[in-house]
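One structure follows; several queries about it will come next.
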Amino acid sequence: MSALAAANAASTGEAVQFWVLGTIAVVGALGTILMKKAVHSALSLAATMIILAVFYLANGAYFLGVVQIIVYTGAIMMLFLFVVMLVGVTAADSLKETIKGQRWLALACGLGFGILLVAGLGRASLDTFEGLGTANAGGNVEGLAALIFTTYVFAFEITGALLITAAVGAMVLTHRERTERALTQRELSERRVREGKHLPPLPAPGVYARHNAVDIAGLLPDGTPSELTVNRTLRARGQIRDVSRQALADLAALEQRAQERLGRGPSEPQASRPQGRKEENAQ
Amino acid sequence: MENLIALLVAAPLLGAAVLLCGGRRLDRAGHWLGTLLAAASFVIGAVLFFDMLGRGAEERELHQHLFSWVPVEGFQADIAFQLDQLSMTFVLLITGVGTLIHVYSIGYMEHDERRRRFFGYLNLFLSAMLLLVLADNYLLLYFGWEGVGLASYLLIGFWQHKPSAATAAKKAFLVNRVGDMGLSIAIMLMFTTFGTFTFGPVLAATGETSEGMLTAIGLMLLLAACGKSAQVPLQSWLGDAMEGPTPVSALIHAATMVTAGVYLITRSGAIFNAAPDAQLAVVVVGAVTLLFGAIVGCAKDDIKKALAGSTMSQIGYMILAAGLGPIGYAFAIMHLVTHGFFKAGLFLGAGSVMHGMNDEVDMRKYGGLRKYMPVTFVTFGLGYLAIIGFPGLSGFWSKDKIIEAAFAKGGTEGWILGAVTLLGAGITAYYMTRVMIMTFFGEKRWQPAPDPDKAPSAEPGVEVHPGEMPHPHESPRSMTIPMILLAFGSVFAGGLFSLNSAFVNWLKPVTEFEHGHPPISAGAVTASTVVVLLIGVGIAYAQYGRRPVPVVAPRGSLLTRAARRDLLQDDFNHIVLVRGGEHLTRSLVYMDHTLVDGVVNGTAASVGGLSGRLRRLQNGFARSYAVSMFGGTAVLIAATLLMRGV
Amino acid sequence: MNPVNYLYLAALLFTIGAAGVLIRRNAIVVFMCVELMLNACNLALVAFSRMHGNLDGQIIAFFTMVVAAAEVVVGLAIIVSLFRSRHSASVDDASLMKL
Amino acid sequence: MSFPLLTVTAALPAAGAILTAAVPAARRTTAKWLALLVSLGTLVLAALVAVRFEPGGERYQLTESHAWIADFGVRYELGVDGIGVALIALTALLIPFIVLAGWHDADPYETQTKRWRPTQGFFALILMVEAMVILSFAATDVFLFYILFEAMLIPMYFLIGGFGDRAHTGTDENAAAQRSYAAVKFLLYNLVGGLIMLAAVIGLYVVAGNFSLTEIAAARASGELEMATDTERLLFLGFFFAFAVKAPLWPLHTWLPNAMGEATAPVAVLITAVVDKVGTFAMLRFCLQLFPEASKWATPAIIVLALISIVYGALLAVGQRDIKRLVAYASISHFGFIIMGIFAMTSQGQSGATLYMVNHGISTAALMLVAGFLITRRGSRLIADYGGVQKVAPVLAGTFLVGGLATLSLPGLAPFVSEFLVLVGTFARYPVAGIVATSGIVLAALYTLVLYQRTMTGPVKEEVRAMPDLKARELVVVAPLIALLLVLGVYPKPLTEIVDPAVRHTMSDVQQKDPRPEVEAAK
């Protein structure tokens, strides 16, 4: 990535780099929209952005390339990740389409649009190609600075104002003014009594002979799992293990072993075993 | 002098206005006022008459121009009167008989609480009828023509609470309207042909247009005459019109209004003279009606309906005569006048009989009344003799002349017409004798008065106690005097008119006259007439005089039954016109609702449905909006590319 | 190699991002897709500036980044408050724009 | 620039409308009296217009002209010819009766739904309609006319939909539903017509370059303004369609029976006697003057449609069970006569048509208002619910009969003159059409007399037995109308004198001469 490379038409080295990284960028983009979990999307997007940063550099936009890495990949993507952590993965976040025909329309539009863009580019006469040699002669950053502080100074100032506004706006939106005094322990307990539910502390999660975990609901006497026993967040994320099925699977495993010891042939409970495994993997 | 003409019309009109708008406070004096004004216009008529006699035959025609009625570019209709001998004859007949019948009605309608209105209507009729005969152009004549139609409508339906009366009135008006169509079309034809419809110019200019046009006009006028004068095929209303009070039947449906057709044809003589085909049609109509009415008259047991049939047939005589052209006009009018006298007399007699018999109209329930109401008997009898044409009485003179004229038409037509008229005379003698015998001779066949609720035809006012036997009595003087006067007329009028053919000479200037020369001598005609009428009387006597008359009508022959039903004309009308019309209107109403309206509503509905479907696109999901937006961009790009492309 | 390919790549990325916006329901992911589209634009701009041999393209890309940053900040804030109110980050749950 | 009489004549009711609407709700009676006074004042002004108008003088008199929308050459241009004067007089004459007849129609009344009805609104709307109608009769600027033509719909819509007939079958709910259906139907029909007309108006502007009727007509007459045949025909059709909807011509008539059936009798009179006249009037003034050639081209088709309306309307009237719908269909038949007279292109036909507009207004008003009194007494619109009224309420029955006789155009009553003129005028050019139309007079007699027989005669029905006769207020409404019918029936000269010159102008616009009588032609 030297000024020389950027100056004249692209060298073979750049070609190789383009093709390799370009592929990865596309894959990353696809990953962004296809990954089931928001986290994964964020990561693949980050990858794409880094590659874009490389391309900026390759195009002689050194300043931008750096900014891309620092601001985007560094700041913005991190912000995304934070929010993902904050909000969590909700049950709604599945790739199953709910609006009828939406996906097909989307694909159709996307394809059509892409084709049109490509066609447009193809028809545009873009063979003339003077590099940035002259422009970047005095250094890329200096060149940009010269423009920003002369030609684009107003736009620059305004964007500054915009950023401030954005920051303030974000605070206004997210910040919640506490209107009333926080309740004390006592008041809370009194309220519980008044409402007349769960006077005792919430029941513990399931505790079993072979293992216990916070993500397993405790069983009520009649064998049904009790919602109260697991953390609300886990429930919201749908990250609760199904006790009863787990139990069944274990039982099946137990019988299996018993059978093996008794030297009998496998029998129908086998069917439930891989199923049980799959459930485990799934969660 | 001519300024009096307007008064002729104005006097009764004033009466009508006062009586109809006056309100209850006039109830006590109303009838006197009405009679007075009728008499007044008779007096004026008489004055004008003598004035006219005072002048020479040629300058007897008077004109009065009141004001211009409808002045429109190229179309001038005036309210203007023309009084010549023809109109004068009618004026005297109308006002004279009219006045008498006013007097009669004072007694006849005594018990009716709406007597004031009755007299109002009578006056209205008089003025309209006078307007009809005094008009100097066809449009004004049309005015009077419809006016008498209205009066007749109001009077036939005077007892509106009787559905039958209301229906009869409506029927009369509608049938007449069909005739009026003819009249208005005739006027339009005249306007497009001559550019005017004033009698003088039109009748003078007949030579300047084609015969076809004249025939068309003539036929249209004939249609009008058929409607008003109850000639076949528009005769069906006259029988039902007897629902009206008897004085009305006497004045309107016997003496005056129904003869308007004859007036119209005679007045338009010039047109018909120039259009033989039209004349032929007139003659045919007259002949057919003559027999039709006579046959119907033979079968009816309702005394008024029998007389109505007779009226029809007598007017048939007049129309026939008028159709004969110059040889017939005078006699048509003459018969019209005499008929006016004796038929009015007969009706008044019938009214007086009904008056005495608790308004019983079925002759089979009369019988032997001559002892109980002598005056009525005598006057009625004289009228009877007059109508059958008993030698020496009015009817004889006029009818005999018509028969002669019919023969005089010449050729086979002449023979046929002569035969028809003779036959008619015979039948007339037959049914009138029948009426006479059934009413006044034979033994009493009186029945207890019907329950008015069950028999709505009972005329109100006259108090009728259900179940009470009638005790016939002579009518009050106010009713008998007019009858007596009319009887005089029906005895002597004909003779007077025929004295060295005074009447013919009187009318000659208006309806030019030429002597018809019958193939057989006049004497022979007269003789055969007398013979025929004697035969008719004889048969009637054999049937009703010698044998007792059954109270309940026997089933009778097919012809009798048909005749009782007016020879099935009503049934025909009902099936073809009424039923057909009902179906037509119903289907049209349905069509209007489904088709014409449906188209519009259909469009509206479809638009509504479409918008409803579009509304579903607005599902609120940001992403689907995004899709459309994205698609939109794609389209835009495509568009730009294409634009720049080629 | 003709640097036009950068433009093709940008177009491709942009389209992918757009499709993502349309397909995904998780607001955060949608946001990421928007970012992807912006970046694609930036790439194109940079390529343009190289073609025309001046820096204006880069300047615009730079501004785009700034604006994108601002946008992300506000947008994420919105998402958070949305999640607080209805315990979900699905854009379909915010479908009160119905008639 | 003399005193703007026409503007004042139109402005008075407009101002009156605003004042009436402003009267506080509690002072209902005040509003009524105010409305009545204003309408009477307008009548005086209209009389003044009629007096100031010299039949022999200019074609358009009392003209006013001010720039309005200069950019499009739209001017506020007024002026009346004889036809306009006659119709303005008719309007101003009828409104007081309508107000008086509707005295109690808009009083708030108790129903299941307890709908409160703004009485002031009712009268204010009527006055508003009057103002617009008068102005549209006087407008000689096509655009101005178009605006009024459309604006009229708004008050009419509220009058029909808001103040329905109390006498209805079934519950208030479905009555309200029917009412709104009728109102919407009225609105849609006329809007569609109006929109098509708007297109034509714009087209006219494109072709002629301004909106002034007088200028365009003059240019056309002098031949400066040539129109391609097709353009002219299209524009003509655009205008004619709108007018044919307004003056219901078969098959665009179906809105009228609904509207007249659901509205109160006075409003029904307002519709058919006043507002619809704008349509026929406009045919005479705009269609014929602006597009003479196209008018001649379309005449045969229009005559046929008019014939269909005449016979069809009459037949459907015979088939009706509802008094007001019957009158509505009768009106359709009469409008057929009017249109036929206009397009017969003879001076008798056109004078007849103009007289017919006036006479039909008066006669329908008489018949419909009496019918309204009858209906309010019994609370039903169905003919079958009446019988023997004549015995208990003779005066009512009598006036009803006179109205009916006027409808069947009996000689001596005003409509006869006009109808006969139309018939003669048509016959002179199209004999067959004339004869067919004549059958209309028989059908008219049929439906009128059937109506009278079923309602007034026969044995007295129980529900009718207690029916009171006409009250003083109602007599005041009916008597003058009947008197007018009689006077105009015998002495229509004042009217014809005003109308004739205007008709002569129109005839010369379309370059038509009356066919000469056969006899003269022969000489």
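Should a chain be cited, it is by its letter among A, B, C and D, assigned in written order, with residues numbered from 1 in that chain.
As a working rule, a residue touches a chain if its C-beta (ideal position, glycine included) is under 8 Å from a C-beta of that chain, and two chains touch if they have at least 3 such contacts.
Remember, it's a predicted structure, so these values are computed and weren't measured experimentally.
Q: Report the chain whose CA-based centre is farthest from the CA-based centre of subunit C.
A: So the farthest one, by centre of C-alpha atoms, is B.
Q: Suppose each chain is reduced to the average of its Cα coordinates; what separation in Å results between subunit C and subunit D?
A: 66
Q: Could you give the separation in Å between the centres of subunit B and subunit D, each centre being the mean of its C-alpha atoms?
A: 37
Q: If you average the CA atoms of subunit A and of subunit B, how far apart do the two points sit, in angstrom?
A: Spacing between the chain centres: roughly 105 Å.
Q: Which integer distance in Å separates the CA centroid of subunit A from that of subunit C?
A: Averaging C-alpha atoms per chain gives centres 15 Å apart.
Q: Could you list the positions in subunit C whose residues touch two or more of the other chains?
A: In subunit C, the residues touching two or more other chains are 18, 22-23, 25, 92.
Q: Send over the residues of subunit A in touch with two or more other chains.
A: 99, 102, 105-106, 109-110, 113, 117
Q: Could you check subunit D for residues that touch two or more other chains and list them?
A: Where subunit D is concerned, no single residue meets two or more other chains.
Q: What's the complete list of touching chain pairs for this entry?
A: Taking the chains two at a time, the touching pairs are A-B, A-C, B-C, B-D.
Q: Spell out the part of subunit B that touches subunit C in their complex, as residue ranges.
A: 615, 618-623, 625-627, 630
Q: For the complex, which residues does subunit A have touching subunit C?
A: Counting only subunit A, the residues touching subunit C are 6, 9-10, 12, 14-15, 18, 22, 25-26, 29-30, 32-33, 38, 41-42, 45, 48-49, 52, 55-56, 59-61, 63-64, 67-68, 71-72, 75-76, 79-80, 83-84, 86-87, 90, 92-93, 95, 97-99, 102-103, 105-107, 109-111, 113-114, 117-118, 121, 126-136, 140, 143-144, 147-148, 151-152, 155-156, 159, 162-163, 165-167, 169-171, 173-174, 176, 236.
Q: Enumerate the contact residues on subunit D facing subunit B in the complex.
A: Residues 185, 188-189, 251, 253-254, 312, 315-316, 318-320, 347-348, 351-352, 388, 390-391, 398, 405, 410-412, 416-417, 420-421, 423-424, 427-428, 431, 434-435, 438-439, 441-442, 445-446, 449-450, 453, 456-460, 490-493, 496-497, 500, 503-504, 514-520, 522.
Q: Over in the complex, which subunit B residues touch subunit A? Could you list them?
A: Contacts found on subunit B: 619, 621, 623-624, 627, 630-631, 633-634, 637-638, 641, 644-645.
Q: Which residues of subunit C touch subunit A in the complex?
A: By the definition above, subunit C touches subunit A via 1-9, 11-20, 22-26, 28-29, 31-33, 35-36, 39, 42-43, 46-47, 49-56, 58-59, 61-63, 65-74, 76-81, 83-84, 87-90, 92-93.
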